[in-house]
Every structure is written in C-alpha cells, then in structure tokens.
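In the two complexes below, chain A is the common chain; its partner is chain B in one and chain C in the other.
Presenting the complex of A and B:
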C-alpha cells in the first residue's frame, strides 16, 4: 500500500519530479559513460601489456632484472622447462634472449633492448604478429639469408626509417578515400618530394593547407603518404659473451605498432638463432622464460608456486613488472565508486530540496494522515520511498542510456587523434573503446538507492515532527 | 524598498531551501577549486622541472638538430654569436651545451646513455646541476650504523623503508624519515653523519663525469670508478673515452636520471671530435612572461641566420604540452559533469520557488509593482544564492590550497613508484589562486542566469486575475 501511495505521490507534480529525474538521469549517464571510457582505456592498456609486452609471468636468472646483465642466464634450461611442464594453469611458455645495445641507421642511433625470439613459438604467447603495420612486411614471415629485425613504429620514425612521399599511388589512394579535388590539387603540388620525417611533412602541409583542411584530411593524407624503405637496414651494436663490442647489419622484416611509445622505442625483436651466432652464446642458454597462464586470476597462485619450485631463479608476474597497472586494476573499483559518489553527492542536494518541498507542501495532508491513524513508521517510509523512486527512475534511465551509448561508441571506438602522441608516451592508446561490466551497474544501482534513502532522511524527519492538530489547520 | 533589499529578505523566507541550494553550489565550487588547483599545480611544477631547470625558454640550435638529434647537426660557437644574443635586453646568460648519445659501461654493465657536455659554471643559470648532487644516501650499511645509535624506533622503521634512496637536501631526508621538529636537533646529526655522501663536481679541462643516480645504480658505479663512453663522433668518426666518475646527481625526472651523463663541454667536444661546436645554446632570461619571451624569440629569429635557428619552449616541449592538454580536458569534463548536475539542482529550486509564489507575484503586480522590478528581485535572489555559495567555497578551499602550495604532498610507496614509472616526480603541488577561480564564478553565474529565465518569463506572462486565484 505504502509503495503504491509513494508511487502515485510522485506524479502529483510531474514537472517537479521530472526535473529531479532528469538531473539524476544526466548525472548517472555522464558518470557511467565517463567511467566506461576510463575503464576501456585501462583495460586496453592491460590487455596490450599482457598480450604484447610482458605476458603473465617471467622467469629469469637471479638478479637479471636489475640491470639485464647478459651473463646472468637461466642455468640448466631443459630442467627448468621440464619443471614448468608439471605446473597447472600454464598455457604456454617461450624462451627469450635479451641483450642491451644500440640501434643505428646512417643518420641516427638509439639505445634499445634486443630481444631474441623464436617467432613460431613466440606468437603462441604474444599477439605482436597482429600489430604489424600493413605494407611494412611481416612477422618474420619471409625467409631471408640476412639477419632480420622487427622494430616499433616510433623507433622507425626516430631512426628515419619511415618517410613520407606523395607519389601516384598515394594520390590514387586519396581519390579512393573521397578527398575532394581542391585538396588533391594542393597536395599534388609537392608530389615526388620526399620527407625524411613526420615533422618536415607536417610543416609542408601547414604551408599549403588551411587549418580546417588539415584537421579533416590531415590523417588521411599522412596515411597515404606514409611509406617505408623496403628492406631497410639498421646496425645493432652490443656486447658479445666475452664483453667485446660487436656490430651487425639487420634488415627489417616489419614494423609493429603497439601504441605504447616507451615499448616501441626500446624493444627490437630478432631471431634467437641470429643473436646466438653474433654473441657467441650457447644455443641452450636463455635469459628469460615467459609464461602465459590460462586464467589471469591465477597469477598470484602460480607465481608463489613457481617461487617454491624454482628457488634459484627470479619469478616475477605482470603486477610486479608493471606496478602502475597492477595498482590501477586493483583499485579501479574504488576509483570508480569515488567518482560516482561525487556525482551522486551533487545530485543529493537537489533531491533533498525537492523532498523538503514535498513535505512542506503537504503539511496539511500529512497531518490528516497522522490524525486518521497512519503510524510514524509508515509516514517515514512513504517519504523515503518517494525519494528512492525518484532517484531510481532517473538512475535506471541514466544507466540504460549509458549502456546504449557505451555499446554504440564501442563499435568503432572514440579516437582522440590529437592527443595520441601524449597518451602513447604513457602507454595508452588514444583510440578508446569504452567498456563496462555488469557488476559495475549493480554497484551504481546500490549507490543510487543509498543516495535516495540518505537524502530523504532530513525531509522525512521534518514530516515526523509535525503536530497533527496544527498541521491540519494550516492552509 | 530597494530591489536588492527585498531580494535579500525573500531569501530568508525559506531559509532551509536557500541553505541547501547554497550548499550545493558550495560543494561544487569547493570540489572544482581543489581539483583544478591540484591539476594546474602539477602542470606548473612539471613545467618548472623541465623548462626552468632544463630546456630553458629559448634556445639557439642548428636548424636540423631538433628534428634530427645527431652529432652532425652542430654549429660553430663564435664570440660574435654570443654577443648577438647578449645584446637582447632580456638575455641574462648563455648556457652552451653539446648533447649526444653513447654507450656507457662501467665494469661489466653497459647501457645507452645521453651525454651532455655542459659549462659547469654557466649551467648554474638554468639546470643548477650542482644543487642536484646527491648529499645523503641511505644504504644497508649505514642503516645498521644508525640503528646502533640512540634514535626513536619510528625513525628506525622508516629507515628500512627508504633503503636505497638518495637525497639532494636535508629537507627530503627529514620528510621521508618523518623526523619531527623536536627530534631534529638530536636525531638529524646522527642520521646525517651516517648517510652523508661524498660527492665531487666537474670542471673544465678535467676528464671527469657526473652520472644520474638511477644510472649509477644500474651501472653499479661508485665515485672514483671509471666510465667508458663509446659512440659516433662528428662526421662519422669514432667517439671513445675514459672518464673518472666524480659525482652522482639525482634529477627530478626519473626518465632522465636513468640515462644522463654530464661532461665538461670541452671534454665532450674532444670526445665527439667536435672542437668548438655545440648542439644548442640555452638562453637564461630575465623576464619569463609569455609576451616578453615571444618578443625575444621573434627578435632573435631575425638576427640568427641558418645554419642556426631560434627555438622556443612550446616547440621543445610539445609532448608534455600535449599530455597536459589531454589531462586538462579530462579534468574539465569531470567538473562539467558536476556543474551540470548542480545546474539541475538550481533549476529545480527555481521551479519550486516560482510555483510556490505564483500568487504572491500576482498580488505584487496587482498592487502596482512593475514587472521589471519584480523580475529583477527574483534574478537578484538567485544571484545571491550563487554568490554566497561561491564565497563559501572559496573561503573553505583557499586555506587548504595555500597550505598545499607551501607544503606539497610527497607521495610514498606504490603511488610514488607509479609516478616514477611515468617519468614524473612523485609530488603533488597546488596552484595558488589564479584565473581558474574566476572561471568558477563565470560558470555559476551562467547557470544562475539560465535558470532564472524561467521565472522571469513567468512573471512577464502573469495574468493578475488568474494568478490571484491560484
């Protein structure tokens, strides 16, 4: 009965109720969407860290992680691997060789980590092979008599391996993309010209195109003009097993793009066999074994199990290797709850005001109800229910709206291309696919109900304080 | 009665509603101000770390150096060039630098590093390297030493947490160990005695090097060890040299701390076979206002001819500005959501007030009050609500902001580690009042103005007879 009365009461002043419902809807919707956005960004980062960069667990020789001393290898690798085979929860593992060195082209050099991999095995653990930029070659797919290297997009830019060129192929691609003629005419003015790096290309575009034209077509033109020197060479310099400096020429097999500048700038992949030959290292010695688990939630359990059975080695999981990500995933729910709490607190002011108004407006009626025998508990719960209904209607609408928009935007993602450089420097992609879990909606729903209850306490107490006799007399 | 007095009295006719509406504005303003202050404060701090203590606001470089940082893109530093720059009234000092890349090894360990040839004395005008020398270092041995002396248990505990940390000043040491004022006199001398770190500086003509604190840990290098640098010199020559490590510096940006090697500029020129050449001249300036800097950039730009060019701080710190911009926008979105919700609250209040007072409006108009005056009373009422809320928000947040400005929050443990992983100094600073205060006033005023459109329209549409019956 109380439920029914409370529900009907809401619609006695629909305009006022709609203002409250509207404010809750807008607040909850904005909160849901903002959180889905953050959540998408974080889970994309975690996913790419695990899939492309570090996997779940790394086993290294004791002390190797301190400064990647190439002398610290895993002693007796076959024994270690046979132990790993007995552990449950491991989906696969690969061995890697890691050497610090310098990569240089004719014009530039940079400090890098050279990672020796067995490509066929490595792609079972990592999905780096899926991040190869189209047209740059492949993931060690072609056999070659040369040493092969796979490098990151940002490093390729840094070393001037990527260049920009407007040729007939680029122009015809722009036609296909639907770029209007007036732009094509301008762009074709510098056809045949080569740009050593992105900045020079940007400069020239700025000269000939208007700002609005660049913001609309700049990315397309860049993509079309982007080219890469086939079979480019770079020299890798590093120390061999006896600490003598060796240098060797590598040809590019492809360029990968993980949207994490730090990783792209610092990691070069080569074949284990090439690296072994050049450093003179033993075929059977490796610095690192990388494990992929069947279930990410098993990380801690498997880590401690491995620590026990591999006492002479260092075992570290992704949470230890990337504490920032671990912290984010661990506290992410608290952060979202805090964010939501701020919005709901702001909403509560509006609800309190409205409910107060409701009570004052109905002084006479409430007095009457008390006079004919409605007990205080019922009056209290009636007011509280009204407030909860108001917030829930708004909340559910807001959540539904949020859910729909999240799913619509998740299809193609939201691309903040102008912030790509800054975000990728922190390892985050600027192309965000919002994403949100069902558990989050439950949390929000609970928080909304709580807000409704809390903001009705003060007005409801006011209603209880009314003296029925006096209340009936008020006009 | 004057409208403003009438409006003021009307406010207190329904005191509760007024206070709740004021409270909602107060809440939004308080939160927005604290958040903005913290955000803008961190940007400001980052700027100071990078610009005022490293790149400087203006540099002269070889025209290709910025896009292509290789040792071949150098220029001849002639006295004429120096004079030309110093002629500018805003120029304070010129700081010569030769910057390149090399492979550094000490003992068994090797790492790619950034080699910076500096003038040890002139560099004090920009990145005061001398002030960044490590003065105290907490190591396992000296912790054991301190523990045997008579100091409070609390400090012994914090010593264990901070093993491996280095400090460039007493302040950091005191803050981390949590030494309070009363203990300073007794405890600090003991801690200082054990943790003191003997450090030397570099000077021109002597083949010695300073290395970053993190780099020293990575290379397992100590003072007096030999550092070997191998790299590519000017015009394809081989650059190789041996240097004694004379000091260890701790730089606020972990990313640089992990890879920096300072050499005296003449020694560095020798290493790269680039006698008399520089990659950049950073200019220390007297007045750092945007306008003055822009004037200086364009005035120097006319005088400095290829192969050199003038480059300003915006171009040199594009990435950082881009990151700050992205972060700034996300902060603004958060506050916008908050204000949107508050706006609904205010609108709700206005709506209720209008409904409640329909009859009153009718009476006032019937007895001859001009509709414009009545409208202005209602508008004033809402402006009061907004202003009281803003004033209260400022009154509460200002002391907190000023306190935070003078006592920045130093992050510890996991959070600190996270900041360092991103290459940021683990510190949170507040921004003292600035234009962002003004913006809160603008936004709240805009909300109020939009909200009062409804009652004002109602007033002008008031049909006296009908509303009297309401």
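Presenting the complex of A and C:
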C-alpha cells in the first residue's frame, strides 16, 4: 500500500513532477552522452595505440628502451621466439629493428625513429596498413628496386612532402562538397599556386577568407588542396652496426594517418631487409619483438609470465609504455562515476526542494497518517519512495534517450574536423564514435536510486518531526 | 467491560507567556459499546482531552489506561502501533487520503496491520455497505460529498475493529441531513460492532443521540450524565 500511495502521490501535482522528471532526464542524458563521448575517445585512443603503435607487449634487449642503443639486440632470437610459442594467450608476434636517425627532404629535416618491419608479417597482427591515406600509395604493396619508407601524415607535412594546391580538381571537389560560389570565387584567386607547407596555405586562407568562413569550410578546402606526389623521396641518415653514419635515399610507399601527431612525427617504417643491408646488421638480429594477445585483459598475466621465462630481456606492456592510457583505462569507471555524481548531486538539490514542498503541502495529511497509526518507518519510506520514483522515471528516460542518441551517433561518428589539429596533437581522433557499455547503465541506475534516497532524507526527517496534533489543525 | 480509564488526568500548558490548565483532574471510565459525547464551550478542554485519550498528547500528570494498558508506559513507536490497533479516529475535516479510493482508504489501516487480502476485502465491503457507500467504493474523496467522505472516515476508523473511536466534531462541517445520516450510521455501528464512540461536539443533534454526555468547563468535568445504557 505504501508503494501505491507513493506512486499516486507523485502524480498529485503533475506539472511539478514533470519539471523534476524533466530536469533529471536532461541531466542524466547529458551525463550519459558526455561519458559515451569520452569513453569513445578513450577506447579509440587505446585501440589505436595498441593496433597501430605499441601493441600489447614489447620484448627488447636488456636496457634497449633506456636509450635505443642499436647495439642492444635480442640475443639468440630463435630461442626467444621458440619460448614465445609456448606461452598461452599470445595471438602473434613480429620482430622489428629500431634505429634512431634523421629524415631529410630538400627543405626540411626531423629526428625520427626508423622501424624496420617485415610488412607481410607485421600486418597480420598490426593494423598500420589500414591507416594509409587514400591516394598516397600503399603499405609496401608495390615491389620496388628502391628503398621504401612509410611515413606519418604530420611528418610528411613537416618535411614539406605534402603540399597544397588549388587546381581544377580541387575546385571540382569543393563544388561536390557543397562549398558556395562566393567561397569558390575567393579560393580560385590563388588557383595554380603551390604551397610548400600547411602554414603558408593557412596564412593565405586567412588573408582571403573571413574567420567564420574558415571555421565552416577551412577543413574542406585544405582537404581538397592536399597534394602529394607518389614516390617522393627523402633521405634517412643513421648509424650502422659499427657506429658509422650512413645515409640512404628512400622513396615513399605511402603516408599513414594514426591521428596521433606525436607518433606520426617520430616514426618511419621501412623494410627490415633494407635496414639490415644499410646498417650491416645480421639478418637474425632484432631489437624488439612485439606481441599481440588474444585478450587484452590477459596483458598483466602474460607480462608477468614472460618476465619469469625471459629473465635476460626487458618485457614491457602497453600500460607501462603509455601510462597515461593505462591510468585512463584503469580508472575510467571511477572517473565516470565521479562525473555522474557531480551531475546527480546538482539534480538532488532540485529533488530535495520539491520533496520539501511536498511535505509542506501535505502537513495535515501526514499528521493524520501519524495519528491513525502509520509509523515513522512507513512515513519515511513513503517520502523516500516518492523521491526515488521521481528520480528513477527521469533517470530511466534520460538513460533511454542517451542510449538512443549514442547509438544513432555511433553509426557515423561525430566529426570535429575543425579541432582535428588540437585533438590529434594529444593522440585523439577528431572523429569520435561514442560508445557505452551495459555495465555503465547499471552503475548509473544504482546512482540514481541512491540520489533519490539521499534527496529524501532531509524532507522525510522534516515529516517525521511533525506534531500530529498541530499538523491536523493545519489549513 | 472497561475499555478506557482516566485517573486524575491533568494537562497544563505552561510557557513564559501563558499558563493554561486545559484538563483539570479528570477521572473517567468508558465501557464497551458506549456512545458518549463530551460537550462544553470553546476552550473547555474537549479536544485536549480527546488528544490525551487518543495518545496524541501526553498528560502532565495522571494515567490513562486503554484495555488495561497504561499509555504512559509505551514508548513512541509502540504507542503509534498501539494507537493503530486500538483506537479509531474521525476528524472534523474528514482527512481521507486524497489519492486513494474510498475502498482503499478503508483498507489502509488493515493493510498497515498486514491483514490477509481476503479478510481485508470482506471487512471493507461490509463497512462500506454499512455506511451506505458500497456503490462509491472506487470513487476518490474529491468525487464524494462532505457527508460521504465523513462516512468513509467512519468506516476507516472502524476497519481494524478498535476498542473505541474518537470523533472530534464529526458533524461540524456537514449539513443537517448529512449529519443526521452520519449519526444514525454511527449509532447503528455502535450497536452492531459493539465499539465505543466518544465524540467531542457542540452539535445538539449529537448530544441528543448520545447515551452519555460528559460536560467540561475550564478543563473540569462538571457533569457526567448517563442517559441510556447500550444494549
């Protein structure tokens, strides 16, 4: 009966109840969506880091990670690999050669890490091949008599390999993209002019376009003007096995885009065979073996096992290599709970206010109930249930709305192209696919119920303090 | 059989501004199935006395026994439970629960006492029939007239078969016809259910129908007339 009365009571003043329910709905929806967005960003970052950059676990020669000394290779690689074959949970592994060096073009140079890979094997466990920008070539797909290098988009821009050119093809693409004539007219003023770097192109756009126009069409124009010549050359300089400086010309096989500027700026992939030949390293010498696991949750267990069975080598997992990501994934639920707690705490004040009004309005009725024998526990329960019902109706509606919007936006993602530069500088993709798990909804539901209960405590205590005699006399 | 006994009960309101001896040395006894009215001018202590009898207020001195139990010996939570099981209340302003139907209002106390649903339904039906409202069982209070609401309140007060019913000015808000109907119903239930009714009232119609009339003046019992013993 208490449940029934509490349920009916919340509909006594439907407008007021709907205002409270509405505020809870909006608050919970905002929380769910914001968290799904953050969760999507973090998941994408972690996936990208594992799939394209660092993998789950790296095995290196003792001390190699301290200064990337090319002399520190994995001794007896065949024995190490045979040991890895016996460990459960490893989906695959590949050997890599890693040399620090300098990449140069005619106009620019940059310090890089040159990673020697076996492309055929590497792509079996790594997804770097899926990040090649269309039109820039491929992932070592074409046979070539030249040394080949795969570089990141940001390094290509830095080295002026990517240029910007407004030509007829670029203008046609802008027409297709729906860019209005007034913008096309302005842009066509520098038609045919080749910009060596992004900075100059940006400067020119700033000269002719308004700030709002750049904000709306800048990315489209830049994308259309993006120009790259397949087979462009760059020189890589590095030390050979005897610490002699050597240099070689490499032709670009493609440009990758991991949406992580730091990684793109610093990592160039070449074929192991080319690197071995140029450095004079033994074919069986490798600096690193990277491992993919069948299940990311086994990372710590497999790391620990490998440290035991490979005492002469360094074993590092992705959490140790990227502690910022580890912190985010390890404490993500706590962070989300804290975020939701702030939202719900703000909503709780509204619920407390409403429940206080309820107690005030129903003073006589509460006095009557106490007089005829409704005990304190039941009075408290009734007020608490009303508060929980209000919170839950709003909360469930907010969660449902959040779930629907998350699923709708997750199909195509949300693209913050205009903020891409800033987001990618921190390793985050500007195209975010919100995602949220069922366990998160359970957590929110529990928090909403707790909010309802806590919000009812003060009003319920007020109700309990009523003197039945005085309360019954209230008009 | 004695259902209620007051022994030298006093209630003094003593504050810095006012000193009122609202109930002054009152000793009374009520037996089963009495139909008693407490009368007196405004401020004579009728409602205070009713509140003391109902356990809603505590006497400054003296004892109140209900069915042999001393109310002052009961702690707050026990007292609420005791009230629920032994005393029925009818208020001047009806005080039904507005979100519940007439039937649900009558059932309410039984439900708090965890009666079986079947028993509850039977008792509710019986009482609503007795007060002439079985046809309006599913109506909410807002759809009932004042007289009908007070009849539902009487049915609610009797639902859990209390030792006695306290009715504070039950006819004060009713028109003449509704008041007469209500009084007839209460008298009938008093006979049928053998439950004591104690009214505080100004209403001469109530006084006329009462079997016992207790007159208060300045908190003191100045007369206690037994007119007719219940059968």
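Rule of thumb we're sticking to: the second predicted complex is superposed on the first by the 464 of 475 C-alpha atoms of A that agree within 3 Å, B and C clash if a C-alpha of one lies under 4 Å from a C-alpha of the other, contacts with A are read in each partner's own complex, and residues count from 1 in each chain.
Following the convention adopted for this analysis, contacts are C-beta pairs under 8 Å (C-beta built on N, C-alpha and C of every residue); 3 or more make two chains touch, one makes a residue touch a chain.
All of these numbers come straight from a predicted model, not from anything done at the bench.
Enquirer: Sticking to the clash and touch definitions up top, decide whether chain B and chain C on chain A clash or fit.
Expert: fit
Enquirer: Answer with first, second, both or neither: which of chain B and chain C does A:350 touch in the superposed model?
Expert: First partner only.
Enquirer: Once the structures are superposed on A, label A:368 by its partner contacts, choosing first (chain B), second (chain C), both or neither.
Expert: second
Enquirer: To the nearest 10 degrees, what angle do the lines from the C-alpha centre of chain A to those of chain B and chain C enclose?
Expert: About 90 degrees between chain B and chain C, seen from chain A.
Enquirer: Answer with first, second, both or neither: which of chain B and chain C does A:104 touch in the superposed model?
Expert: Touch partner of A:104: chain B, not chain C.
Enquirer: Touching A:376, do we find chain B (first), chain C (second), both, or neither?
Expert: Touch status of A:376: second partner only.
Enquirer: If you stack the two complexes on chain A, which partner ends up touching A:223: first (chain B), second (chain C), both, or neither?
Expert: A:223: touches no partner chain.
Enquirer: Would you check which partner chain A:23 touches, where first means chain B only, second means chain C only, and both and neither mean what they say?
Expert: A:23 sits against chain B, while chain C stays out of touch.
Enquirer: Give the label of whichever partner, chain B or chain C, reaches more residues of chain A.
Expert: Ranking chain B and chain C by residues of chain A touched puts B first.
Enquirer: Closest Cα approach between chain B and chain C after superposing, in Å?
Expert: When the complexes share the chain A frame, the smallest chain B-chain C C-alpha distance is 16 Å.
Enquirer: Sort out for me which residues of chain C touch chain A in the complex.
Expert: 51, 54, 56-57, 77, 80-81, 83-85, 88-89, 91, 93, 95, 97-100, 104, 107-109, 111-112, 156
Enquirer: Applying the document's contact rule, which stretches of chain B touch chain A when the two form their complex?
Expert: So the residues of chain B touching chain A come out as 16-17, 20-21, 23-24, 27-28, 31, 67-70, 72, 101, 103, 105, 108-113, 218-220, 230-232, 259, 318-320, 322-326, 329, 333-334, 337-338, 340-342, 344-345, 347-349, 351-352, 355-356, 414-415, 417-418, 421-422.
Enquirer: Tell me, which parts of chain A touch chain C in their complex?
Expert: Of all residues in chain A, those touching chain C are 1, 4-5, 8-9, 11-12, 364-365, 368-376, 378, 468-469, 472.
Enquirer: In their complex, what parts of chain A are in touch with chain B?
Expert: These residues of chain A touch chain B: 13, 15-16, 19-20, 22-23, 26-27, 30-31, 34, 66-67, 69, 71, 100-102, 104, 107-112, 160, 196-197, 199-200, 237, 239, 243, 245, 322-324, 327, 339, 342-343, 345-347, 349-350, 352-354, 356-357, 361, 416, 418-419, 421-423, 425-426.
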